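There are two complexes below, and they share chain A, which is joined by chain B in the first and by chain C in the second.
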Partner chain A sequence: MASENYEAASNRAEGVAQFGESRRGALAKLQHALHVNPALVPLFVLLVSIAVFGLLLGSRFFSPFAMTLILQQVQIVGIVAAAQSLVILTAGIDLSVGAIAVISSVIMGQFTFRYGVPVEVSVACGLLVGTAIGALNGFLVARMKLPPFIVTLGMWQIVLAANFLYSQNETIRSQAIEAEAPLLQFLGTTFKIGADADGRGGATFTYGVIAMVLIVVVLAYALRQTAWGRHVYAVGDDPEAAQLSGVNVNRTIISVYALTGFICAIAGWALIGRIGSVSPTSGQLLNIESITAVVIGGISLFGGRGSIAGTFFGALIVGVFTLGLRLAGADAQWTYLLIGVLIIAAVAVDQWIRKVSA
Partner chain B sequence: MTQSSTPILQARGLVKRYGRVTALDQCDFDLHAGEIVAVIGDNGAGKSSLIKAMSGAVVPDEGEILLEGKPVRFNTPTDARAEGIETVYQTLAMSPALSIADNMFMGRELRKPGWRGSVLRQLDRARMEQISRDKLSELGLMTIQNINQAVETLSGGQRQGVAVARAAAFGSKVIILDEPTAALGVKESRRVLELILDVRSRGIPIVLISHNMPHVFEVADRIHVHRLGKRLCVIDPKDYTMSDAVAFMTGAKDAPLAA
Partner chain C sequence: MKKLLICTTLAATFAGGSAFADAHGTSACLITKTDTNPFFVKMREGAEAAAAENGITLSSYAGQVDGDHETQVAAIETCILDGASGILITASDTSSIVGAVTQARDAGLLVIALDTPLDPIDAADATFATDNFLAGELIGKWAAATLGDEAENAKIAMLDLAVSQPTVGVLRDQGFLQGFGIDLADPNVNGDEDDPRIVGNDVTQGNEEGGRRAMENLLAVDPEINVVYTINEPAAAGAYEALRSIGRENDVLIVSVDGGCPGIQNIEDGVIGATSQQYPLLMASKGIEAIAAFAADGTLPEPTEGKDFTDTGVALVTDAPADGVDSISVAEGKDLCWG
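Here is the complex of A and B:
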């Protein structure tokens, strides 16, 4: 609709100065549409890949059970990627997301089991620590003017080492959690819709999946409908311009990193639900996987462009490829190979979309 | 034009030093109601320091700034904006990927009335778009129809137009324009100059910084010649030629005694 208005406007260009310029041609129109809505590319790729795997594998893949299994498999990455999106929108990057998720889950577990803190309080402490680490990242980036890559690279090592030192490499076993502190596994609780009498098949959801969808919806709203969201984009686009326009750039950056820490801590909680136990060695690949989802989702690593919906589609694309290729009996390396191709293609598309301004 | 009333914006004895360099040396400045004052000066004469002091981007070491006769102190550009002084920077200070409406209201967004605004912090997009559209139409920028177009899809002149419209929409007392035509072609410069005259006709006084003498002589009511960190003289463009102005500015010719 927006592009129609634009075309109509340029047709109507009249009078004083011919400011309007008319762009023609299907390719240029597509470029413009993608510029307005960059999440269209990952949505298209997602739908095509579902269709292709659906045709190849039939009902084995194209079933409520398999579809919701994908959601379950991507829930942790999806939550972390949503957080990562915020940081990347400000033209930053957060390499400590995985470490924050893990240390938060370890704190939730250890506080409960080592100190006997009520589990609700432990969960709150885990969320708080995650937020605090994020805020510290934000402070170092915004106030100390250190590059986000370096700050979070350092924080990744610090947090991960602290995690191993504090947890003494101990895993809290699933059975113990189930018996004494089931709240820790809350986000792993499953419920089924449309299963048969024996409880097989049907759409299976976990609260973690619901949490992921809620986080995506709330962030999409905040980015699109609130002043804070507009400021996040403005800061990523051109921090000096944003500052001169009256945006508090430092506060925006710190709030973004702190919120990222908080969401990663929720991912840590969901991680306990997913694997059942509290393990300091879990979630090692979350950094790379979250950045992958963000990039495939069409968010520009240069900041200021893209949408959280794109990231969600990006995470789902990875999930669809992983499950689809596994069901097709292909070597798991094919998944990585194809994801690699997608990453490079996504960045190429981003560069092309940016040219609309030229 | 005769001015007997208090100037809208005044600077008295501004001093700004950067280390051993004195950028402003007891500098004065006057801007009266409804006029365009151009500030010209050689590179390094201290024009940008003067402008930055008045727009809040730089805090002067000494001296005072008076707005409508009352002393004011700006520590940030936001302070100056709160007092009704809007600046259009040479870089325009816009976010290219965001829409015209987003840019117009950046840093002073309107929220929806009621709980959706106060609890959900929801922006009142419809109202911001309407106001943006109205402001652009008022200034004859009607050819920009889609207010949700990203600023980077606009031409240089259109961007300048949007930046001026933003300043005109919120600058209730003074608008400062820093080199508004420097990056533009002939046709687009013309359009922006018309825009500047249009803004003045709305009664908002303008401070114009420019290197382009024909542009300065075309729109300015008075010309403030800046040299060695202070006001050398203020001339009426009707009484002097462009080469006179350049001669004053470079020191090739002595300044007239009284302007």
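Here is the complex of A and C:
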């Protein structure tokens, strides 16, 4: 997790040089540590919230069953938020993520059931369409120089309407999928560790959860260790400087949006596993929920700073609050209220950290 | 879309025909919450068929999403300008819409609320709807009768609609509890009951995702839940997935309300035990007939005796009939289902 952003790489050298300056004080050191490792704040909030709910609720919350349930509940948002992080790192935003996920799942389902296409091919088509929509977003942003907010606002409406028109708002039932095309539910397959004799309790994982963790790990590696990853940070931080230093800005941006579309399509596949059926009305709030996870995860909306790990923690924080407050018997509105507080607090912390580089 | 066009053309032709008879044609408006939900699609089909039969020109409007209030207000204004005789509306915002509805009634239009009563209910000339309390009561009675003596020890999960507790969600929830034999405390509020058999209430937004999440949450509170009330069939399908993931899908009784075709199919497959079926097509066709009668001689529709709305009926659909609860079979339910 060391050196998660572009600026930090240069700043760290500076930090080492200033090591002897004891008068900077603890607060400044903390500020600097957070600047280098922006995922520390959400990780801290996550651990504290797990501890607090664990103390309040005891074993009902602090059990392998409840802990892994949270992972299952955040898997879709987690995957979409990982994709959203990429776009936000380039100082963009993608409002069409949820719509891309849903239309991909609808294509996987309808190709199989309406046209009789083999299910493996249908899944591939779904992933391909998701990638293509993402690439189109990227083209409009990079080549046509349209603002990402506007491009994806439009794409969101277009894709959603296309989704309803194409699917005729028809739900494909879980039982039909199970009988004829179980591959569609593949990411919903569960396996347990440490359940009792009746198969109850214990840690429960789905392949979707594994997929989420893999996506986070692979993206974290790619962003930190590959040239492409460094280019993403560079473009988000200062596109002109990046261009001058030889980064192909347009190609980087298009690749980011296309990859985002691809990952959203995987989320659409995971969505079928999670709800069992193919439902064109699901996933309506994924764009807002993914941006929430990204912001709470400490990724700067101004681009160029933050980490995928932070986003993952951000998604988990929302999951912990939702289940914890639910088990504590609180009104569901308290969850939304506290998430709102977290969003504003996260951006405030981001602004404070930014001062270190000023 | 093509179908709609044909229907509209047909309706227009019929209206043209009758125009020769009484010198001016009658027109009506149908305003639904959305045009994506199969429930409203079926409603529009019913309205179109009845309009063609009665020689009425029908214009259909819909909000973009559930809760899209502005589009509905604009639609009412368009209908007034158009000189329509009447409006059928499923309101997204039952109290805020009253101003626009009053404006229409002042302009001499007959306004009929379909499916969702306005707040207050007498803000519309008439309401054609399902008795949602009765719909809940039927599945409650069925669940209690099916469990027999075990109903005393039931562990019940209540999967409701939304945090804001819309009327339809409260009526179905409280109807179920009344049917099951549980004291309601305040019948206008969900979740205020203190019967220990209720494990908890959670909200589903009436879709699969919400149904699964809510069921998981309540299973975390008590994994021994054996009766699940759901606001509608998509929520029930989601709840079933949650139960299936922990291997409990066969020892839990799930009941629901709606009667959509996928829901009825789910009864056949053993996902849902019983559901209360409602009839959107009937609401719309009766509504159009009422507008035709009003346009002809000013007759106002009469509410069902003993109720403040016109009850379009509800039937319990199950393949496991219980003593003392009337029900129809899955085969009959399939003939009448929508979506």
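By definition in this document, the second predicted complex is superposed on the first by the 335 of 358 C-alpha atoms of A that agree within 3 Å, B and C clash if a C-alpha of one lies under 4 Å from a C-alpha of the other, contacts with A are read in each partner's own complex, and residues count from 1 in each chain.
To be clear about the criterion, a contact is a pair of C-beta atoms (placed from the backbone, for glycine too) under 8 Å apart; a residue touches a chain by one contact, two chains touch by 3 or more.
This structure is a prediction, so every number in the text was calculated from the model and none was measured.
K.L.:
Can A:Lys145 be said to touch chain B (first), chain C (second), both, or neither?
P.N.:
In the superposed model, A:Lys145 contacts neither chain B nor chain C.
K.L.:
Would you check which partner chain A:Leu69 touches, where first means chain B only, second means chain C only, and both and neither mean what they say?
P.N.:
In the superposition, A:Leu69 contacts chain C only.
K.L.:
Of the partners chain B and chain C, which touch A:Ser245 in the superposed model: first, second, both, neither?
P.N.:
Once the two structures are laid over each other on A, A:Ser245 reaches chain B alone.
K.L.:
Could you say whether A:Lys355 touches chain B, chain C, both of them, or neither, answering first, second, both or neither?
P.N.:
neither
K.L.:
With the two complexes superposed on chain A, say which partner A:Ser279 touches: chain B (first), chain C (second), both, or neither.
P.N.:
Once the two structures are laid over each other on A, A:Ser279 reaches chain C alone.
K.L.:
Would you sort A:Asp237 into first (chain B), second (chain C), both or neither based on which partner it touches?
P.N.:
first
K.L.:
Can you tell me which positions in chain B touch chain A when the two form their complex?
P.N.:
57, 77-78, 81, 87, 89, 91-98, 102-103, 106-109, 111, 120-123, 125, 140-146, 148-150, 152-153, 155, 157-158, 161, 187-188, 190-191, 194
K.L.:
Can you list the residues on chain A that touch chain B in the complex?
P.N.:
2, 5-6, 8-9, 12-21, 32, 35-36, 221, 225-228, 230-231, 233-234, 237-238, 240-242, 244-247, 304-305, 356-357
K.L.:
If you look only at chain A, which of its residues touch chain C in the complex?
P.N.:
60, 65-66, 69, 72-73, 164, 169-171, 173-175, 188, 190, 198-201, 204, 206, 271, 274-277, 279-284, 323, 326-327, 329, 331-333
K.L.:
Which residues of chain C touch chain A in their complex?
P.N.:
The touching residues are 36-38, 41, 65, 163, 200, 202-203, 207-209, 212-213, 216-217, 220-221, 223, 234, 237-238, 240-241, 244-248, 262, 265-266, 269, 271.
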